[in-house]
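Heads up, there are several structures right after this.
Shared between the two complexes below is subunit A, which pairs with subunit B and subunit C, respectively.
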Partner chain A sequence: MDLGNAASVAYSAPELILIAAAIGIVAADLVVSAKEQLGAVALLACAAALVAAIGLRMPFSERWIVQGLLHGAEGWLWSRMLVVDGFAVFFKLVFALAAFVTIWMSLGSAEVQDGDEGEYYALVLASTVGLFYMASAANLLMAYLSLELVSLTSYVLTGYRRHDRRSGEAALKYLVYGGVASAVMIYGMSWLYGLAGSLEYLKIHDALTHGAADPLTVFVAVVLVLAGFGFKIAAVPFHMWAPDVYEGAPIPVTAFLSVGSKAAGFAILIRLFYPGLSESGEGGAWAPLAGVDWPGLMLVVCMATMTLGNLAALGQRNVKRLLAYSSIAHAGYLLMGFVVLNDTGLRAVLFYLVTYYLMNLGAFVVVMVVANATGREDMDGYRGLAWRGGAVPAVAMAIFLFSLAGIPPLAGFVGKFYLFAAVVEQRFYLLALVGFANTLVALYYYARLVRTMFLDQPRGDEGVVALDAHNAFLLYFLTIPTIALGLYWAPVIALAERSVRFFLG
Partner chain B sequence: MSGFEPAGGTGNVLLSLVVWTPMIGAFLVLLLPREQVDGAKRAAFAFSLITFLLSLGLWAGFRPDTAEFQFLEQHPWIPDWGIQYLLGVDGVSLFLVLLTTFLTPLVILFSFGDVQKRVKEYFFFMLMLETGMIGAFVALDLFLFYVFWEIMLVPMYFIIGIWGGQRRVYASIKFLIYTLTASLLMLLAILYLVGAHVRAGAPTTFDVRLLYDVALSPREQGWLFAAFALAFAVKVPMFPLHTWLPDAHVEAPTGGSVILAGVMLKLGTYGFLRFAMPLFPAATAAATPFILALAVIGIVYGAMVAMVQPDLKKLVAYSSVSHLGFVMLGLFAVNPMGIQGAIYQMLNHGLSTGALFLLVGMIYERRHTRLIADFGGLWKPIPRYAAVFMLVTLSSIGLPGLNGFVGEFLILLGAFGQSRLATVVASSGLVLGAVYMLWMFQRVVFGPVRHEENTTLEDLRPREIAVLVPVVAMIVVMGVYPKPFLEVMEPSVKGIVARMEKGQARGVAVEAERAPAKQAGDV
Partner chain C sequence: MPGVPLQHVLLVGLVLFALGLYTVLTRRNAIGILMGIELLLNAANVNYVAFARYSGAPTDGQIFAIFVVMLAAAEAAVGLAIVLGIYRNFESIDVDATHALRH
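Moving on, here comes the complex of A and B:
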């Protein structure tokens, strides 16, 4: 299926909804004085985009209903610029949910509420559009443009608190790092274009299969492209921006970056490296093309990412920074599923992204609740949290942290289980051991924060934490699935399995 | 699946009830309003008592003439991955379940007076812990077992960390890190084992009864056994992995110590018997001398360190290291007598050490000290306390007529067939055990009353008597009439031993089969 512009509109409903809402909010911002209404519109737009994305699994036209129900729509959109397939739709669902929770959070965030909310919501929606396109990009040009759309909006969102020095500093750092990373990436893309004579992943694939490209040249191009992708997922050595940006950005934005942007980075990474630069073989195995050893390179990146992220997290006293390093480490865990070159690994990545979405967003919601009430983000501000009015946030935080640490029966354990199962199944024993050691290190700092909240007694200067209904509801929205997915996850893993499906033209 | 017809009748949910009743109770307790402290206590006690009564039903319905798992419950959980909700008991786990359900209500009853702050949360964690422990004893699906195994850690972490003593935070984190480290390695080994089963052409399953038959080369067995053994050895704890135990025991509140020593340590030895040994028989045989050596070192070392402890609770904690060394010795005798003795000794240790921790907790409640030097001559002011203390002490050192004797005797008999040297050295541990326990008892109970405060001590209160009497009764019953217990264990124990012998023969065959492939350069 190769759809032209007119026919593609129906398959772009989620993006169109978001774009319309973003523009509408900017316009309405001029006349509406009750800014919460703008947030409500943004929230509705996310929900609508979510429904529309679900709809993509079941195409509108009757001709495709049977095929759609079985497999979901697959094909080229906009004259071979974007694709729609199971993989893209899966990520679109995750992004819509991430944006939904981010906006929900923002509506209850003190940091966001005292600024220019209209722009803020419009930017979040615009960024979400970028994420959606990242999931669909099967063309270097679209990959670059969508990634830049996400980056540019993220810079502005990070600096949203204009009068806060930390926020401004974070935005500047983010911009400088991001600019360099994307310059390097587009340089690498130009090499790939030069080698293949096309921007399309599939044509690059064909050129590398049939042509006689020098492996070293391809390798250099791949490394350069990885700078940009690695920047998005915050993999070592492109992770340096993350702690500062996570610390400086308003908390809902941090949450959004840590989940949305990272997941999108994985989407774009997997699509280029699997259907683009590898050949699929028997039993879900993949083999890299043209003798390019990117799996070896990524194996090193993966181990370095989780190790460095976890070790650096050990010494953190600021909870946002701690979660920033923890999310770097999680990029490393996710890469475990990426480097094993197998469909089971990819399935594990997709499943882990869902669990990561729940627990990481949840942890940031608690950070926001505490910051709202006390203005504190340091670890001492969490001392005895459970015993000074914050029992529900403290219990929720403990659940999220234990889930991040991978303790059953929580969602994060199941996610780790599938990742490790893929690693052991493909006989990457060294990687399994490194992952094991990292899990332990991580356990230590997560347990330390739990200890601070429960075992340490409040000294009286931490302030009282109260939970309003809005944020309580949000917490339950994330906590319940974190537990439920730890007890019964068959539908989600089945969805992840069905979503490891790439449209190959 | 035809080979596994449930012995307790199909559609039987008794085992599930035993596992989940405490969890239901835990959440009910949590939902009570904060002011209703008494309500929380009563509800927790009621639920643990109901669990005990239900578990008696297991014993009543248990058929002692077979080694098969009984009260089997088998439901698909995550079918794509062959993960099942698979529960069952045999003669080994039956009594460990009973031990758990027996001790928990007593601990909860004792904690009525012991726990003053955050009462509701304490009982919540206690009941959750009970579900985790029972579940780990009866889970026959390795995934499910792992989940229960880990579920136990979190409540215990909080029990030590919130209600513990001075250094509770340190002790709780140490406990968590130690046990999780070891169990994560076990998870990797489980994944490998399941993978090996799949590579042999079987569908994915975590059913341990099917995994017993996985053909593994001795080298693979060695690695996997090491990973499993590490997880269990930390829990037991075996020398030299025992260092978390004195910290955790001493800092934990009394209830936590009783559960920790009484039940949780047995999960380690149970793990050896149910998983590490029968899954990897060839590796077990190879590791036996090494494990026996560590067990014997643990026996002697634990006893010697216990001897010099000035603190009662620490003394009991180190005595656990010594006693669990005996259990390991019995298990790795790898004959029915030794293993039966080991299981019996697990139960004995649960009762007598549990009782000792309770007694220490009672005296600590009165005097706020646990130092041996602060006591002396307790016989006069509190004779009833002293009498119970004496009986428990004698049980702990294995006086004939009390339960400890039966277990130790069987263990030594069994171990004699395996290694005479180990048996001889272990016997010296018995003597040392008598020395430190009696010496401690003498300094605490006999002699003149050296401290003024001790003259006005209050003797056992009715609630405390209610806690201690069942334990003391069991100590005597199990000492005088061990037959009903040993009879029920016997078929299961013999089944395990037979399986291991068969497995060792198979391990040799696998090696022979794979040897040519290895020479061809295939790794």
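Moving on, here comes the complex of A and C:
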């Protein structure tokens, strides 16, 4: 159903709230001297966007009925540029929560507090708008615009600490890699447009299925487009920017990039490759276009990504950099659900993104707490963390790391279980084996950091880590669901299952 | 269609793309790399406009090209600001001179 422009305004409520708040903060920044008020406004805007995004799932006339969350309206917005469906709304919820926690983190971050905070919050909100549009782009033009909106704001956020050399260098590297990746991507998109005669995913799908386009040309165009999407999710071989950018950016920005930007990359990837370049079949199975073997290519990318990420993480001494490589490896795990070509795999990806959201953001909150207190990010700065005032952060970090490693009974275990189950069900035994070997490698470096925090004794030069109430609340906010989701995950997996629904009008 | 055949225009786009990629891969100067990115973007623009000219629905491709021009300007603005910041901190805009982050 084409919803028309009047209804499109109503369905764009979450984005409109964020845009209004971003502009309002830029204006208020000129007159308000208590900058933390701007952060509070940004926090409220994210909460409002979250509520509005939940509202999107309601039937239009009865938005207040909670049961509507699982049924919900679907349709085209703004002359078929955007689409609202279960899949888009699921990701919008994740992005709103990611932005919420990022701003919450920023309010307690020493790195953010000594800069131009007004601009910072406005940029985070603008970036979130881009993430929202990435989830619902149903047209190559919207996909490109939303991706660039996220990229441009991320470059600036990465270079936010203007006088810090690491921050500037990270921004430059991000800009150079990102600029090349998106330029290569739109060149690939131009070929898709030329071959299919349209920018709309569904028309591209119809034209390529029924037309006489040369499969090899389509494949080359798809590979070029993958450069841009692979860059966003930090998949090998487009991952080189990630360690430098994650290390150089302010910690809340790193957390935002590792969760928001990566999840949005998956959203845009799945929407183009599943409804766009595949055919939906019986029982939730999907078949790629004849002659265009992108699943084979992605299988190689998936195995290379997790292996390279985990092996490179082994030798890292900087915790932020270690988490950067770990997040590359996680892109590999997530791709496992992407390459199996069925709805079960996609459901596992969506569920894993929720658990990844909790545990990865949580790990970065602990990094921030330690950096706030001691100014250190290297592993020696974590020596005996539990015995010098940082018992709560140390325990929380252990929970997050074990969850990232996939140890029961934590959320990460359940997420990995669904991913591996989807892989084994489709008889990708080699992939399952590589994935399992990688999980073991990853356990080694996560456990090493835990050992440093608990078993090593402090030597006295590390500094005391005190936890203030603000960051303590934030830690509990992320720790409790990480444990709870490992014990009772039925509602979230049900939501993920119902969210694997693409509106194909 | 009169005039130049589509293949020739696409070839121009491909040559531009190759030149842009070569520039990006060989330049060590940050401004040089940004110029290479501009070449890549313009290669895509040539393709969009060419495909639009020779297809039934011309507006899509032309609109896309206009948006690319606009975003290239935005990216150049952000890029030059970042390069200026790098120059203030490192006294150089050579991408190899920036070593604050471990490789």
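Keep this in mind: the second predicted complex is superposed on the first by the 494 of 505 C-alpha atoms of A that agree within 3 Å, B and C clash if a C-alpha of one lies under 4 Å from a C-alpha of the other, contacts with A are read in each partner's own complex, and residues count from 1 in each chain.
FYI, a residue touches a chain if its C-beta (ideal position, glycine included) is under 8 Å from a C-beta of that chain, and two chains touch if they have at least 3 such contacts.
This one's a predicted model, so the numbers in the text were calculated from it and none came from an experiment.
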item	value
Partner contacting more residues of subunit A (subunit B vs subunit C)	C
Partner chain(s) touched by A:A170 [first = subunit B, second = subunit C, both, neither]	second
Partner chain(s) touched by A:Q113 [first = subunit B, second = subunit C, both, neither]	neither
Partner chain(s) touched by A:S8 [first = subunit B, second = subunit C, both, neither]	neither
Partner chain(s) touched by A:I407 [first = subunit B, second = subunit C, both, neither]	first
Subunit B - residues contacting subunit A, complex	77-81, 146-147, 150-151, 153-154, 157-158, 161-162, 168-169, 172-173, 176-177, 180-181, 184-185, 187-188, 191-192, 195
Footprint of subunit C on subunit A - complex, ascending	140-141, 144-145, 148, 152, 155-156, 159, 162-163, 165-166, 168-173, 175-176, 179-180, 183-184, 186-187, 189-191, 193-194, 197-199, 244, 247-248, 318, 321
Parts of subunit A lying in touch with subunit B, wherever the complex brings them together	402, 407-409, 413, 417, 420-421, 424-425, 432-433, 436, 439-440, 443-444, 447-448, 451, 454-456, 488-490, 493-494, 497
Interface residues, subunit C side, partner subunit A - complex	10, 13, 17, 20-21, 24, 30, 33-34, 36-37, 40-41, 43-44, 47-48, 50-51, 55-57, 60-61, 63-64, 67-68, 71, 74-75, 78-79, 81-83, 85-86, 89-90, 95, 98-102
